[in-house]
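The following pair of complexes shares a single chain, subunit A, combined with subunit B in the former and subunit C in the latter.
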Partner chain A sequence: MASQDDRPQSELRRRLLMGMAAAPLAGFLPKAAFAQTPPTSAVNTTGLAVTDTEVTVGILHSVTGTMAISETGSVQAEKLAIEQINASGGVLGRKIKFIQEDGASDWPTFAEKAKKLLVNDKCAAVMGCWTSASRKAVLPVFEQYNGMLYYPTFYEGLEQSKNVIYTGQEATQQIIAGLDWVVKEKGAKTFYLLGSDYIWPRTSNKIARKHIENFLKGTKVVGEEYFPLGHTQFNSVINKIKLTKPDVIYAIIVGGSNVAFYKQLKAAGIDMSKQTLVTISVTEDEIDGIGGDNIAGAYACMKYFQSLDNPNNKEFVAAFKKMWGDKTVIGDVTQAAYLGPWLWKLTVEKAGSFDVDKVAAASAGIEFNKAPEGYVKIHDNHHLWSKTRVGLAQKDGQFKVVYESPDLIEPNPFPKGYQ
Partner chain B sequence: MKRAPTFMDRKDLLALATVAVILLIVFPALLDGFRLNLVGKYLTYAFVAVGLVLCWGYGGILSLGQGVFFALGGYGMAMYLKLEASSVENTKIQSTPGIPDFMDWNQITELPLFWQPFHSFPLTLILIVLAPALFAFVIGSAMFKRRVSGVYFAIITQALAAIATILIIGQQGYTGGVNGITDLRTLHGWDIRTDQAKFILYFVNAALLLGVVVAAMFVRDSKLGRILVAMRDKEDRVRFSGYSVANFQIFVFCLAGVFAAIGGAMFTLQVGFMSPSLVGIVPSIEMVIFTAVGGRLSILGAIYGTLAVNFAKTSLSESFPELWLLGLGGLFIAVVAVFPNGLAGLWRDYAQPFIDKALKLRSVDPADPGAEVAKQAAAAAE
Partner chain C sequence: MFGEYSLGDLGSIFAMQGFAGLILFSVYLLMALGLAIIFGQMGVINMAHGEFMILGAYVTWLTAEFFTSHLPALFSIYFFVAMALAFCAAGALGMLVEWALIRRLYKRPLDTLLATWGLSLILQQVYRSVFGPREVGVTLPDWMMGSLPITDVIEVQINGLFVMGLTVIITIAVFLMIFHSRFGQQIRAVVQNRQMAGAVGIDTEKVDRLTFGLGCGIAGVAGSAFTMIGSTGPTAGQLYIVDTFLIVVFGGAASLFGTIASAFTISQTQSTLEFFLSGSMAKVITLLTVVAILMLRPQGLFTLKVRR
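Showing the complex of A and B:
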């Protein structure tokens, strides 16, 4: 009796369960089939380069000149993301076609090419720029012609625009949690701040100094020095460091100078297993030039390392190497560049339109679960919520992650108390 | 070339008219707003190239530091525009409202003294001309009075370009550093970012360039121009003839500097920012290359050379973003190896005799005088 009673019940339950499982699918299918090809006139009311089958975006980085070394990774990541998006059906049923322009490490050229991409090519979005200077040069162009820029580099903050999504960290996201960690973990009391002489290192060191002096207890800055871009003689500052014996060397040296700096540190007998060095400017890409032996033992504060252990990242690294070769390395910015096309796709689909105004308005709150760095979300201020991670440089040029902030850190490009 | 040149002879007038037609009619008619603005940007370099024709081609003074003068003009204009864009209400989120944003980022709380004159538009215009002239005068006096010339002068000007870059980048609180002075909006209340403004600025720029060309031709064809050539070819003989060589050198160097500064100011207006990437050694040498490609003895050749090189640069970089620098390098080698007198040399050796012949035939048919102008224009445009 009981069994007879049971059977219809269980059958009912099974059917119900099946129905419930199918319900969202059934609801989704016709909608998805409809969403495949919304008419162009509906998704593009501002004359962007969108056809029934294609949508054009721009890639604007330096592939020649001094910045080419850094920006090549970003170009590769963006092309990979575009290819993956196209393989999975494109955006609103349209394949992404990209037009690549070379900024040639020259800021007026960046402005010229940005204008070309927006005015002549009518790109729906542009993935691009690396240095702050190039971003500053193109920003008025994007604002004037109402374009959409996805900017990948960690940068100094102090900026927010309707027309830009900042997929890298603004300065506080990279600095504060890292300083807290080094004070707690290493018991650091004294800091020596170094940097290349331009806006990003200066602003970053200013934030670091304010945090050290005003927010941490019993800590102080014992020196702060800047070097022109491309500087290669660090012996005098290394001598000063030897005399002042700071607990932490905080280095924001960029580009080719890094190679000289770390080699000369090593030659001067500064042993990184005893002297703590924290940098926010060295990723796997830079170590390629510096040499793992010269920098092993230093700590870097980033949001992403190639060695991150999560399924998204394993998939990303494998796909990247398959496309661009086994020898390529992936740094923080490269990963942030990879986010650009994906975030744009998600935003366009949420907005149901390629129109820049609608995309800009729909950006806040966009979530991306498949990011190699883990879950990310776009803040109202067009920056990303992201974690801070500290990596210990290894001899093989990779980082071992030694700390990860428990929560996502809120982006705050105009930090109060740090200006 | 046997008789003394006269200012604005028939040939000059014809060539100048051709350039004017190309700049003022052909380009605006054929190009869209974006390309026209690009041409406007290239033409600002032509100011420098025209100055170099006088200074280097005729005076024999090779300056590898013209970027410095370009910067003096460009930054002068940029400072004025920046101050106008940094009104108190535009900058109220800063800790010190009313000063340019980059100063605020560098903890500067008060507008530096040397920025003060740039509140005034007339003063800015005066300084754009006066500052480079004064600077060139100081440098020129220091060099030429001590009879520094030739390669040594070139090296020193190159060092100046390097120093200027380092100074601008190093003093970022006062200069905007490596980012330059960006986000410029209005000129005396007139929005320079609109397409219409860009269109008007193009014509202002082209007209100024033609003015500079006429001034350069005047200098070339005057007695002064002949002294310059004599100086270039035999400096000592000129000196023994009782001329003060140094004063002439200083003059032509100042003049080239002022031309470059006018170009710089127009660059800022049309491109919308000024940065140290226009100041250093590489852009300074590029400007010499424009002159060389055009033919260093040809004032109008400088314009054609500048346009040709920059067109090549833009189109190569659009078509082959990863290879274009190689192509450009090849082009320069070809210019130096195959036609050392530049486009003007090619024109003189191949096109001019042909046209002269045609003109002789044409003189039988005086009914159609406009045809030769059109013909020259077409040939020159190629």
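Showing the complex of A and C:
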């Protein structure tokens, strides 16, 4: 408890220090800079934390607890984006200042911190959350206090809110293109679906099963299984896989289980050159823990890989490594988190206002050309149009892109025929 | 469900499934041995057991990194060095914890639960701050990867064999020590009657410290071995703690034989059920069975006296 009592004080101290540091700088700014900046009273009619020189946004991720492993990359990407936006002049002439809160891998804490960011700190927008559980916990808070959340993770869909922009893919975007590819390219007929036992893998596998059974021809599911989060023994299911000999192992296993699963798969002699393994839950981040040797030859299906060969991405990867070190890797969600602050900036500039209602209304149709994944656009349903790619895992922990959907795929969070 | 498979296929699958059960048994026993000593012999509920295991895993990772950069020629045998270091590191930390924390709480068993739970949170955050929140990948020497093909279908995993061998060695060593060494005699004496043991000249505090250190050291070796099959991250210890307690409690808290019997029963049930049902359902049924048996036999499978 003591640490929580301390927090507001240290926050205040930090703000005072920042203020003191900023004060002398303000004197040097040329007068012209102020002239271009629209007056605060015009761009902020709802009492958000916007001054003539600054606008406050929140960052809300877990930096402690189980989820810190995944959410660290998102925090890094968001800080990088904010720094770059500030270096290029900020938003409506105002520098972005961020307040970071720790959700501590605990969903009620997420809700509490979200409320703090919206009610006490009056953040104009919040970049945050990772798991669906944390998003579900903060959603009522954002709707009640009318905040703006930029959510980076690929997720199961079945949700849409005026107050949320989903910068990751929803399930159908991620899954269907990948299944079509593996059937066409590998001639796959039989699938074995695996997952950790919670909402995202279950919903995703449901979509995969519907697509395999109803939309593809001559394909079938020969097994479907779920394991408790944190399960570490996969020998029995590996035996079942050996017995049923599916063409494709479709795995949506997360967290520490992931590492155990791939290590045991490799030890059991499953040859990924003969049997295709497709996953939608392993990014470059996870491979760090799994070990490139153990997963080389598997296919991952998502919208972004660090190895994407385009000028935007090269610039992004270089900037990211410069800020966070050469050894860091960038996964799909990290890239999606990077989009959050940029999309918000573009939306605010289009709306000409920081007001949440105006930002929410202006979101649809926002285009971002400089995204590392390539061009993206916000759909009316607040998800992103994006391409889906298939990457082949390499021993060095990177993916080689072997397929890219020709067009942007429309986000469809409530897919007909898949529920 | 087996109609479409040939007899030969079925035979080899059952052989492999039996082997999978044995691996699971070794893993469970290795996890539980350290705790069985601490909980069984000392009556201390050590919630930080998983974190001691992860300390062993991190020591293994550091050793692997060291060998890669400084002694690449000896990389193929680094794992043995790593296990020895893991034992020493976890054992030393265990003795430190006993001295600083546990010995003040012997008369308040439930408080040890809270204190060691706090310790586990502290250790998790220490690992996160020191090694980073992301999992680290431990590179194994080539000979420890892959499997030995026995027939076309039956393949025996080398790291599974390794864990089994290690478990057998450690179990035998623990038994020899507890039942055939002077130190073991002292441990048992302290467990049975602390005052009397003290009166005949046994330094009971020293025995406590060494016992706790021994239990933690074995946890460290287990953690080191599990880098082959599981993940190494700040919170990975949490993956093991529930299963570990389950085995020790089910076996009867004070009995090492009980721990072995219980690890065997639970692993075989789990692995067989997992084959016929899905992973989550297998776990549910295993847990329900354990609950039912513990309702009938609250003292666990085997019973001995508890520390007074």
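Keep this in mind: the second predicted complex is superposed on the first by the 383 of 419 C-alpha atoms of A that agree within 3 Å, B and C clash if a C-alpha of one lies under 4 Å from a C-alpha of the other, contacts with A are read in each partner's own complex, and residues count from 1 in each chain.
One rule holds in what follows: a residue touches a chain if its C-beta (ideal position, glycine included) is under 8 Å from a C-beta of that chain, and two chains touch if they have at least 3 such contacts.
Predicted, not measured: the structure shown is a model, and the values here were computed from it.
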Touching partner for A:Arg209 - first (subunit B), second (subunit C), both, neither: neither
Subunit B versus subunit C as contact partner of A:Ala137, first or second or both or neither: first
Touched partner set for A:Asn258, first subunit B, second subunit C, both or neither: second
Touching partner for A:Lys97 - first (subunit B), second (subunit C), both, neither: neither
First, second, both or neither for A:Lys321, with subunit B first and subunit C second: neither
Touched partner set for A:Pro108, first subunit B, second subunit C, both or neither: first
Subunit B versus subunit C as contact partner of A:Lys350, first or second or both or neither: neither
Touched partner set for A:Lys370, first subunit B, second subunit C, both or neither: neither
Which superposed partner A:Ile290 touches (first subunit B, second subunit C, both, neither): second
Contacts on subunit A seen with subunit B and repeated with subunit C across the two complexes: 63-64, 197, 228
Interface residues, subunit C side, partner subunit A - complex: 5, 9, 13, 16-17, 20, 23-24, 27, 125, 128, 132-139, 145-147, 149, 153, 155, 157-160, 226, 228-236, 238-240, 270-271, 274-275, 278-280, 282-283
Residues of subunit A touching subunit C in the complex: 63-66, 68-69, 72, 197, 224-228, 230-233, 235-240, 242-243, 256-260, 263-264, 266-269, 285, 287-293
For the subunit B and subunit A complex, residues of the former touching the latter: 32-34, 37-38, 41, 93, 95, 101-102, 105-107, 166, 169-170, 172, 177-180, 182-184, 193, 271-273, 275, 277-278, 314, 317-318, 321-322, 324-325
List of subunit A residues in touch with subunit B within their complex: 63-64, 100-102, 104, 106-109, 111-113, 115-116, 119-120, 131-133, 136-137, 139-141, 144, 156, 158, 197-199, 202-203, 206, 228-229, 414, 419
